[in-house]
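Here is the structure we will look at, set down as structure tokens.
Letters A, B and C name the chains as they come in the text, with residue numbers starting at 1 for each one.
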């Protein structure tokens, strides 16, 4: 960035953050530029590739920026924040200002998922990779059209197929994580004690119901 | 079952969400159906004391009055739960004091499994509520989502385009063809159908050329049980049509078949085994 | 913003900028929130209306923010800047980072369209004006990222929005006609028998409740 040179040493704005934090302001600038134009959450590795930097300093810079926007480095809390959601980092309006923005952009009527779709989604999220047949045996209803809806909305996706039966396995997408406001499946509520029994139940279903 | 009212208070939040839904009024319990399930799942209410037919009657009455999609959705849900309850109840009514034999043990195990299934179903239902809340919260959030500046778009390398209008139309046809989600074939679960008539034709051929054969000869080298069965049935059919006779020298001994038909045409063959057609 | 109150006085991040500059950090936050989601440059009066504040402090806050992003208040020069263009203010990537963004966009936009992108383009061409949701229903997969690619390629464009749902309608552009070597959409080969069936797909949306 040679074009940067003439401007960099402005007298009353020494790049003060760099020395004490160990974070390179030029790296931060490049990351901020990508985040400003990105239309999806950016994973650290993708960001590192975009700014042509090793992963480790990128990770450090992203953390530093998120804290900086939160006002933790002597500045003030910005109107935007850097959130890790849906497998990557993305700029968001700070939550407390959402009402202001809703008024400004005019709120769209969100299309909500039906109860059947939500339950099917929950089963896929916890049991993935899972076939429609397995989901149907847990919900005890036909889930084909619901799965179609979830596919069209990008909340689930095909993740492979059973080599023997050809049945398609479904799993959830990063878009689902983003819709839930979480960054990984680990952040789903814990229900494992109940699920421990599930595999037995599936076998049992297989023997009795077919 | 001690006192449903007390437990209901203890349930707090859950009872609140089910107040609007289906309620039941039974001798042992009066309140939201959802709460009934909770009590059963916590073994605070004995399933054997619940009159399922009454629950079902009340639910059907409730559905008649139902108008909203929400309420109708409850219908399918109810069927799941009712079926599970019924299974549990059957298991619950069976004697379970002593494990007299393996069958009883299996039934007890089955009840536990049904129980697990009910719990699992409820777990997913509760998690689905969490999904709904999280999604509603998140859809209020505003990410940065601004059209790319045209100056950047202009610098994108030129698109490589190779399609003619006809190619493009063919793609459209492909895209508009409904993509049925492939269904799981059940073929692997059933042996392929075997035609008795086809097998009879083979049997007739073999017997006409050899005159006398044992049944063992007739199925020599056949591994598919379905074909063996079909050949045996066709032998019975041919016997009914007086096309062959058979002898057995000793019990469990070889079955000796002899072709006896004077006149035998393909028409006889066509009418053979009609009893097995469905 | 009463929800803000409990968080505001964080001990190690006193809202330091406010006292000496005379600029209200809450006002800055609100302006930043609007700027983050605004597509078009925002005039001072429009901004003032959006954040429900008199014009004068808004003008002061915008100037302060522009200087802040330039690193003039003790921070560092950000990767984005606040520029006045055509009578309004908007966030832009700092010009010195244009090459970085061009490379990034180039890497995101492939020179050949994928099969999924081509099929989506074909659906839009024959069904326009059409929403992303409708295309997703027909294709039975989520098409958001593919539509972004087509937009970035200038092959499709927004042609309006549903007054009730706010859903955006898409149509094809002259650029597509040029690629196909035809002068008008009328010259596309006829495939109507299939198109007649397409409205059936709407039932599929029934899973999604409004």
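Keep in mind that, in the parts below, a residue touches a chain if its C-beta (ideal position, glycine included) is under 8 Å from a C-beta of that chain, and two chains touch if they have at least 3 such contacts.
Since we're looking at a predicted model, the values are computed, not measured.
Asks: Could you quickly compare B-C and A-B and let me know which has more C-beta contacts?
Replies: Most C-beta pairs in contact, of the two: A-B.
Asks: Centre to centre, using CA atoms, which chain is the farthest one from subunit A?
Replies: So the chain farthest away from subunit A turns out to be B.
Asks: Relative to the centroid of every protein C-alpha atom displayed, which chain's own C-alpha centroid is closest?
Replies: Chain nearest the centroid of all protein C-alpha atoms: A.
Asks: With chain centres taken as the means of their Cα atoms, state the distance from subunit A to subunit C in Å.
Replies: From the centre of subunit A to the centre of subunit C is 18 Å.
Asks: Which integer distance in Å separates the CA centroid of subunit B from that of subunit C?
Replies: A distance of 46 Å separates the two centres.
Asks: Compute the distance, rounded to whole Å, between the mean C-alpha positions of subunit A and subunit B.
Replies: Each chain reduced to its C-alpha mean, subunit A and subunit B end up 35 Å apart.
Asks: Touching two or more other chains, which residues of subunit A qualify?
Replies: Residues 35-37, 39, 80, 91, 93, 101, 105, 112-114, 116, 148.
Asks: Send over the residues of subunit B in touch with two or more other chains.
Replies: Within subunit B, residues 69, 142, 144-146, 148-149, 152, 181 contact more than one other chain.
Asks: Quick one: which bits of subunit B touch subunit A in the complex? Just the residue numbers, please.
Replies: 69-70, 73, 76-77, 79-80, 83, 110, 113, 116-117, 119-121, 123-132, 134-146, 148-149, 152, 181-185, 188-189
Asks: For subunit C, which residues count as touching subunit B in their complex?
Replies: It comes out as residues 33, 36-39, 92-93, 98, 101-102, 105-106, 109, 111-113, 118-120, 122-123, 125-126, 138-140, 151-155, 179-182, 187-191, 194-195, 197-198, 201, 209.
Asks: In their shared complex, at which residues does subunit C touch subunit A?
Replies: The touching residues are 1, 3-4, 7-8, 10, 12-13, 15-18, 25, 28-37, 50-51, 70-80, 91, 93-94, 96-97, 100-101, 104-105, 107, 133, 136-137, 139-142, 144-145, 148, 164-166, 204-205, 207-210.
Asks: Across the complex, what residues on subunit B touch subunit C?
Replies: Result: residues 69, 142, 144-149, 151-153, 155-161, 163-166, 168-169, 171-179, 181 of subunit B touch subunit C.
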